[in-house]
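Here the chain labels run A, B, C and D in written order, and each chain numbers its own residues starting at 1.
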Amino acid sequence: MNVAQEGDLVLLISKDYKNYMITLQTGSRMQTHRGMIMHDDLIGQPFGRQVQSHQDYPFLVLEPSTRDLIQRTKRITQIMFPKDIGYLLLRLNVHPGRRVIEAGTGSGGLTLALARAIQPNGQVYSYEQQDHIQRLAQENIAKQNLDPYVTFHLRDIAEGFEEQGVDALFLDVRDPWEYLPHAHAALKGGGFFGAILPTTNQVAHLLNDLRRASFSALEVEELILRPYKAVPARLRPKDRMIAHTGYLVFARKILGEIDGDWFMPTRGRDRAAERGDQDDYW
Amino acid sequence: MNVAQEGDLVLLISKDYKNYMITLQTGSRMQTHRGMIMHDDLIGQPFGRQVQSHQDYPFLVLEPSTRDLIQRTKRITQIMFPKDIGYLLLRLNVHPGRRVIEAGTGSGGLTLALARAIQPNGQVYSYEQQDHIQRLAQENIAKQNLDPYVTFHLRDIAEGFEEQGVDALFLDVRDPWEYLPHAHAALKGGGFFGAILPTTNQVAHLLNDLRRASFSALEVEELILRPYKAVPARLRPKDRMIAHTGYLVFARKILGEIDGDWFMPTRGRDRAAERGDQDDYW
Amino acid sequence: MNVAQEGDLVLLISKDYKNYMITLQTGSRMQTHRGMIMHDDLIGQPFGRQVQSHQDYPFLVLEPSTRDLIQRTKRITQIMFPKDIGYLLLRLNVHPGRRVIEAGTGSGGLTLALARAIQPNGQVYSYEQQDHIQRLAQENIAKQNLDPYVTFHLRDIAEGFEEQGVDALFLDVRDPWEYLPHAHAALKGGGFFGAILPTTNQVAHLLNDLRRASFSALEVEELILRPYKAVPARLRPKDRMIAHTGYLVFARKILGEIDGDWFMPTRGRDRAAERGDQDDYW
Amino acid sequence: MNVAQEGDLVLLISKDYKNYMITLQTGSRMQTHRGMIMHDDLIGQPFGRQVQSHQDYPFLVLEPSTRDLIQRTKRITQIMFPKDIGYLLLRLNVHPGRRVIEAGTGSGGLTLALARAIQPNGQVYSYEQQDHIQRLAQENIAKQNLDPYVTFHLRDIAEGFEEQGVDALFLDVRDPWEYLPHAHAALKGGGFFGAILPTTNQVAHLLNDLRRASFSALEVEELILRPYKAVPARLRPKDRMIAHTGYLVFARKILGEIDGDWFMPTRGRDRAAERGDQDDYW
């Protein structure tokens, strides 16, 4: 039945578009910027309705999406953005049954998306060095009943990964180039490598080392999310946006020797063309 | 075992970065721009290796990702881009066990991503009017052994959807506003609605009608993928990029009455502010 | 001599990158977030030096650029951004000797850039309805000694423009389509028309009416300025950016009859292609 | 009079939006993709009209803008884009009376825009090493009668610049860091320095060296031009766009000693924040 139940995570959106995420508990109450909402008014009721706070302010009662869970999850670290996560799931071939390593765990936003995507017969192996950060991620994952699909490791990945032959491996760490031999050892042949990095210097460093560590098919991409004001008669982009979350770097693990570099060519264009292919622009 | 087998879809990348997708068949041969590759040289061999064409040109043998399958799938219609698909999976809360409607089926790129995401216990209901288009999509889905997870309907959605209480519904059609009552009828309370549209006029039209059709929490977003040249010493964006694939429109099905509009506010800013919030820019 | 003089507008940048714009006056003092700066410490001194506030905090003493003047000018209305202004000067063929109309004057940011660009033998005709707004613009223009190059009109442009045969005309108003016959009457044959508008609905409205008002060669463009953190070892885009200032619409005044529409074609592509030209993307 | 005259540069736009730039000469004819156009049909006629080719295909006769001149100019090198040029004119404070150095001259697109902007009492000093490239630029400048405003130097800038105390200096060369001491020597105190570079590696290199060469107020920006299909009922971005022309780097010449680095701060944010300020995003 499509009704909210004790223990459900519920998304409340106020008419002035403030969002709240709550776990329903009989007898609890939620203080909003516009008055109190009683959990008991939600429990047993269908999703998609409007409820009123005790100040008579309207709220929508909604099931949260994976995006909402990532965004609204409790966190003490930077988390990855849904736009980046959605795309890397497709690029790293993450789907039911796959075995995936991630490091670091952080607050567990990516962990959650990975666990959802590989269930019921896959597994996420998530590495984190800091105890208190790992505990928060574990709580976040447990709330979604996804703990069977995640193996948490409290460990410095400089000591290597415990798994072998995994399908994909994603590094959200400051210095991913330090762990490439370990990453190579953990991945299956042709396995999917991914990383996110904020600076161009880091990207250049990683690209350089990936080639030496027997990775190939290097690609770098960036996703920009542009939000619009959803007003039919005044449709336009919002005034401000997130300008940068990170560069996504992708590569594939290579077995044996290959002939030199293997990435999207700039060859066939002379040096001047580094300035842009303009000929058919105007 | 991580070896290529008869019937596998395999991605070949040449050293000059041409891509080929082939289904392995004993005794077959593949003609590339740089000579022939014998399927028998791949069958039974691990992924991630380099093979040579008979002209001795090197190719990488790789397992295709969901992105590769979407991009490289045979198609006779426009398809959605992986950047948009990955994001809408998170926004529409598509994960194992969910029931999702899409229309139209088209060449089946989104169908494939949805089917992968909802297996093994969910279902995709995919609507298409044109027989020959549906057949191509069915072939593409069958190649991935995803047919148990997709119910294909050959039908004009102006006649309505057959399912009820579905978790999410996505429209990739020219005039989605025509089908909102049907979409509302098919979705569960609070269910996730999504659409992709190329023009701003269509977006404004859809936003306007969504509000009248008992949908709320309207949001419009756009994703821009910026590819980079993955050369460590000359890292920079590529010269050209796809400038536009479509605007993504999201909404939630509402049960009962709600108080007026319910989308991201522009209120609290005077009319002049439609020109941009500049005050802390400089 | 390249020294700061009484009456000069001077840009001060503090070490923590706060900006101040001051007009030098003997005996004056400037209160900053980091202590006082005496104007007399600047007057007669060369630009490009560091000075100390009385709290011993360092500031750079710089000549402001046209960009700085636009950005830092006193204002009570939204102003146009330098990125948009710089581009439209080239698109509207604004250079010394040209005669240009703008409406509305607003705080005079664009007025300043136009006046600088057309001097010493051109003229800007600037229309504004509101007295107190015009007065502010006049002060801003006078500070730069640009008043000989600007004719200010306090007038509702619904009554038409006083000039004829002008080279270019730019509308920064809410409803530019209302004034197209007047704009046509004021421009010379082939004259340059431009407008900036925040919403897609306005752009569509204006495009539609431009064609009926004997304008052609319609073009719509948008400029996005992406700022970077200028740190050599951690080069990356800033976290946030202005997502939208406005759509720029350009057209040319036509004399006599022309054969139908005349803008960048979508023809030659079938309807489906409205979804994006994907064929050579992957 | 606003009529086309012998010797004028004229822009012809065909109904299917092909552009031609011609210099009018009595008795000449222009071969287009849709038939011949006789120059004599244009000479003495007003701008803004439609003419027919001898195949009866319609063309608009227009005065070219500075943008058109830059874009349509004959060229044998990469040229800068108008979006970048318009912006740097405002950032480098280029206006009538200013003295500006540029290197290299290239095909003269920027030279033209600079010369137009500084006339009638300023001067552009343009450096180029290659004889045949300089000659082309000289022809392009002469066609616009801008030669009085440009001093061409055929010279390797490694030998230094001949001028001193110039207001602004712009480098469009591969290795601008090599010439910073010369640039510093040529600029006045506080003078405006600019450069355009295609790769992030070059930007980092230049930023690093600028600080050591007594430049400050370093800023890096990038402009993205997004073109739209100007169709009122189907308004939307074009399918493809130029993704990258170059990063713009700006700095100011410093006199004497200053206290350490002086650019937009990242301080006040902990290291983790290098990943993006997310807190108020959702």
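Note that in this section a contact is a pair of C-beta atoms (placed from the backbone, for glycine too) under 8 Å apart; a residue touches a chain by one contact, two chains touch by 3 or more.
What you are looking at is a predicted structure, and each value in this text was computed from that prediction instead of being measured.
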* Chains touching chain B and chain C alike, please list them. => A, D
* Asked: Across the interfaces A-D and A-B, which one involves more C-beta pairs in contact?
  -> A-B
* Please work out the Cα centroid separation of chain A and chain D, and write it as a whole number of Å. => 41
* So how far apart, in whole Å, are chain A and chain B when each is placed at the average of its C-alpha atoms? -> 18
* Which residue numbers or ranges of chain A touch two or more of the other chains? -> 198-201, 203-204, 226-227, 233-236, 238-240, 242, 244, 273-274, 276
* Along chain A, where are the residues that touch chain C in the complex? -> 198-201, 226-227, 233-244
* **Residues of chain C that touch chain B when the two form their complex** => 19, 71-72, 77-79, 81, 174, 198-201, 203-204, 242, 244-246, 271-276, 278, 281-282
* Structure fact -> So, in the complex, the side of chain C touching chain D is made of residues 2, 13, 15-17, 46-50, 58, 60-67, 70, 82-83, 85-96, 113, 116-117, 119-121, 165, 188-192, 200, 203-205, 207-208, 211, 216-236, 238-240, 247, 249, 252-260, 262-266, 273-274, 276-277
